[in-house]
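Labels A, B, C, D, E and F are assigned to the chains in the order they are written; within every chain, residues are numbered from 1.
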Amino acid sequence: MKTVYITRRETFNAAHKLWREDWSEEKNWEVFGKCSNKNWHGHNFSIYVTVKGKPHEDTGFVINLKELSALLKELVVEPLDHKNLNLDVPFLKGMLASTENMVIQIWDIIKEPIAKAGGELVKIKLVETENNFVEYYGGDEPY
Amino acid sequence: MKTVYITRRETFNAAHKLWREDWSEEKNWEVFGKCSNKNWHGHNFSIYVTVKGKPHEDTGFVINLKELSALLKELVVEPLDHKNLNLDVPFLKGMLASTENMVIQIWDIIKEPIAKAGGELVKIKLVETENNFVEYYGGDEPY
Amino acid sequence: MKTVYITRRETFNAAHKLWREDWSEEKNWEVFGKCSNKNWHGHNFSIYVTVKGKPHEDTGFVINLKELSALLKELVVEPLDHKNLNLDVPFLKGMLASTENMVIQIWDIIKEPIAKAGGELVKIKLVETENNFVEYYGGDEPY
Amino acid sequence: MKTVYITRRETFNAAHKLWREDWSEEKNWEVFGKCSNKNWHGHNFSIYVTVKGKPHEDTGFVINLKELSALLKELVVEPLDHKNLNLDVPFLKGMLASTENMVIQIWDIIKEPIAKAGGELVKIKLVETENNFVEYYGGDEPY
Amino acid sequence: MKTVYITRRETFNAAHKLWREDWSEEKNWEVFGKCSNKNWHGHNFSIYVTVKGKPHEDTGFVINLKELSALLKELVVEPLDHKNLNLDVPFLKGMLASTENMVIQIWDIIKEPIAKAGGELVKIKLVETENNFVEYYGGDEPY
Amino acid sequence: MKTVYITRRETFNAAHKLWREDWSEEKNWEVFGKCSNKNWHGHNFSIYVTVKGKPHEDTGFVINLKELSALLKELVVEPLDHKNLNLDVPFLKGMLASTENMVIQIWDIIKEPIAKAGGELVKIKLVETENNFVEYYGGDEPY
């Protein structure tokens, strides 16, 4: 049996803004543009979580997607869906709610639970709009 | 020349909540569920605007899409993109920011300008998520 | 308040075949082609259910999508998802499992429950592949 | 048995320009903008053809999609795919290659053959980009 | 000339179930959930096959996509489309019809023919639903 | 802070043909098929440009997407959109307008400007149709 990569998509809808309290409104606008609107804006986010491993002989699965989906719904969708990323999410408190920072935080939250479920987390892709997305490999640089 | 329907899509990303000040938090939750989160949530909206007419003999166009797009960017995208639908949008003030209410208001705003540009507005489709959208024919009921 | 159309998408994955017991294998092949494979094939179906009405003044909703979604999950997704459309679905028994027949049957099943939830069912769209779909207006012909 | 609408999608990739020989380059640019580039540009087109009818009792079909697809491949895809819409397509000769004009011409070409195959053509949708499409009901105005 | 990766998508629609004969119905349900429905279910599969190489100086191609597509239609689409993955496909006999097992088997079938056509197979992506897909690099682990 | 990959999509619509002047029409047809139509054909292209880096502490950004988008619009969209890839684009002159050659040329054009904007270009994906795309890592082979 050889290594296969399996990916599960989940979605959530959230508000955020890109804004630094220690910057003036002008400076915020200059750097973050319309994303700095003080009254927030929002997105439909899609998150793709990739786990690698060798298919188990008795199931043909790298990881049971029912379990992976349940885990992601509990640890990612529940705390982020229909929330304000700046105000409502403990693990994003005190940092800029950029997609870059989001994937780094989500990685740390789901890595161990996925390992306990028998999988190895290797990639998170977070899609903010049809034009923008980020990918994270735990800090590794495959290319 | 016979009647053809032409549609232009524009997109905007916005925050909102479904919330009535004159209801308790419990009542808001009961009716609006997670959409009532007091700190807002948000979406990537797509709006499809349909204009009907007979193609002009000298252009082959029902309406010039450059003009229609410019008009929609000014009247719809500019006031809604990266905004809070409850707080930042004059034409949505004082009403629930449901997609139903949004299409009714947008209709009234763009109908005349499209008529001046030589087109007849006949339909607006507003997509909130891959699972939810509304359509509006100015109150008419084609089916 | 004016009439707005609201649509909810749900999805299900199912097996079926197009096959008549009273026809020979050759006749089945001639008419239904590869869809007649006796060991079944399958699809990821998407169903779009459209309800029309005037937005309620106290909610801004034509119908509460939470309720519509729950109703569709119970009456459509539960009986069809991960099922064999020819063998497992009481309301499709004894008929060809074409998308045309499916929308007619589903209409009859969800029309009354949607009416009880305060909405008027006006359209079902059932997507079988990226190349094929059917639409049904309860037998009416808007065009 | 009641009326159902069935739709088949086909695709083709073609070059065109919006250009009038009897207009100056400036006038062409003013009206058609970048679509007037004299060396052409192009698109991936998707065409959705809708046929209505009552499902046949012996097949459950409004029309056999194998036949509809074969007919569209012969009459629409073959003459348009990987072609120059202004230069290579007899039925578009002498007219502006706008999507509006295209759907009107395609309608006249496929209406009778679809009728002979037992279906009634009621709608053509022609998608030029993710932001632009036209719809045609044979000149009728359902809304 | 430098290495470029080129990908071709093909699609097929098939039935399958996740089921072990040597397990009880309860055990199958416990592990495979609704995917274990004994009467099968199905999906619209999309397969993306990636070949790498240096563009040929005389064609600008890594591999001729006409040839790659013809090869995939013969070796993958023909045996899988409108088939039952458990019953109808020789190369999947005797194993669980999981997407993980499918990509491993498909790899072994197309690797040599692609090499004979002058390309180097480096990746297969198999999409089962909008929420689930697997990727396979021949057992290698690029990340 | 750890390395994150961020991607921006831009789109352009263009005409091209695959054709060698030093080959006969028959030879061109044999190799390039319908892509060799002498009067051109065209596509809606999507280009995905990936930049890697560590998020800046003061912005949470790998690179400011406003800047990346502006740069891509100037260097890629402007010269390619609504153009003839064989005739109108200086950096594609004298070569076959295959997607493989396009990504190699685009890489060389945007690599330095992206570096000056503080990012490291690591991947370009160019999508020609829903069935075909190429990916380029600057000649590197991550897998």
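As a convention for this text, a residue touches a chain if its C-beta (ideal position, glycine included) is under 8 Å from a C-beta of that chain, and two chains touch if they have at least 3 such contacts.
Predicted model only: the values in this text are computed from it and were never measured.
Undergrad: Keeping to the contact definition above, tell me which chains border both chain C and chain F.
TA: Shared contacts of chain C and chain F: D, E.
Undergrad: Taking each chain's centre as the mean of its Cα atoms, which chain lies farthest from chain A?
TA: Using the mean of the C-alpha atoms as each chain's centre, the farthest one from chain A is D.
Undergrad: Quick check for the class: compute each chain's Cα centroid; which one is farthest from the centroid of chain C?
TA: With centres defined by C-alpha atoms, farthest from chain C sits F.
Undergrad: Can you work out the whole-Å distance between the CA centroids of chain A and chain F?
TA: Result: the chain centres lie 27 Å from each other.
Undergrad: Touching two or more other chains, which residues of chain C qualify?
TA: Those would be 130, 137, 140, 142-143.
Undergrad: Name the touching chain pairs, please: which are they?
TA: A-B, A-E, A-F, B-C, B-D, C-D, C-E, D-F, E-F
Undergrad: What residues on chain D touch chain B, complex-wise?
TA: It comes out as residues 18, 20, 31-33, 95-101, 103-104, 130-143.
Undergrad: Please give the residue numbers of chain F that touch chain D in the complex, ascending.
TA: Within the complex, chain F touches chain D at residues 11, 13-16, 34-35, 37, 39-44, 81-84, 87-88, 129-130.
Undergrad: Enumerate the contact residues on chain F facing chain A in the complex.
TA: Checking each residue of chain F against chain A gives 1-10, 50, 52, 55, 58-62, 64-66, 69, 122-123, 137, 140, 142-143.
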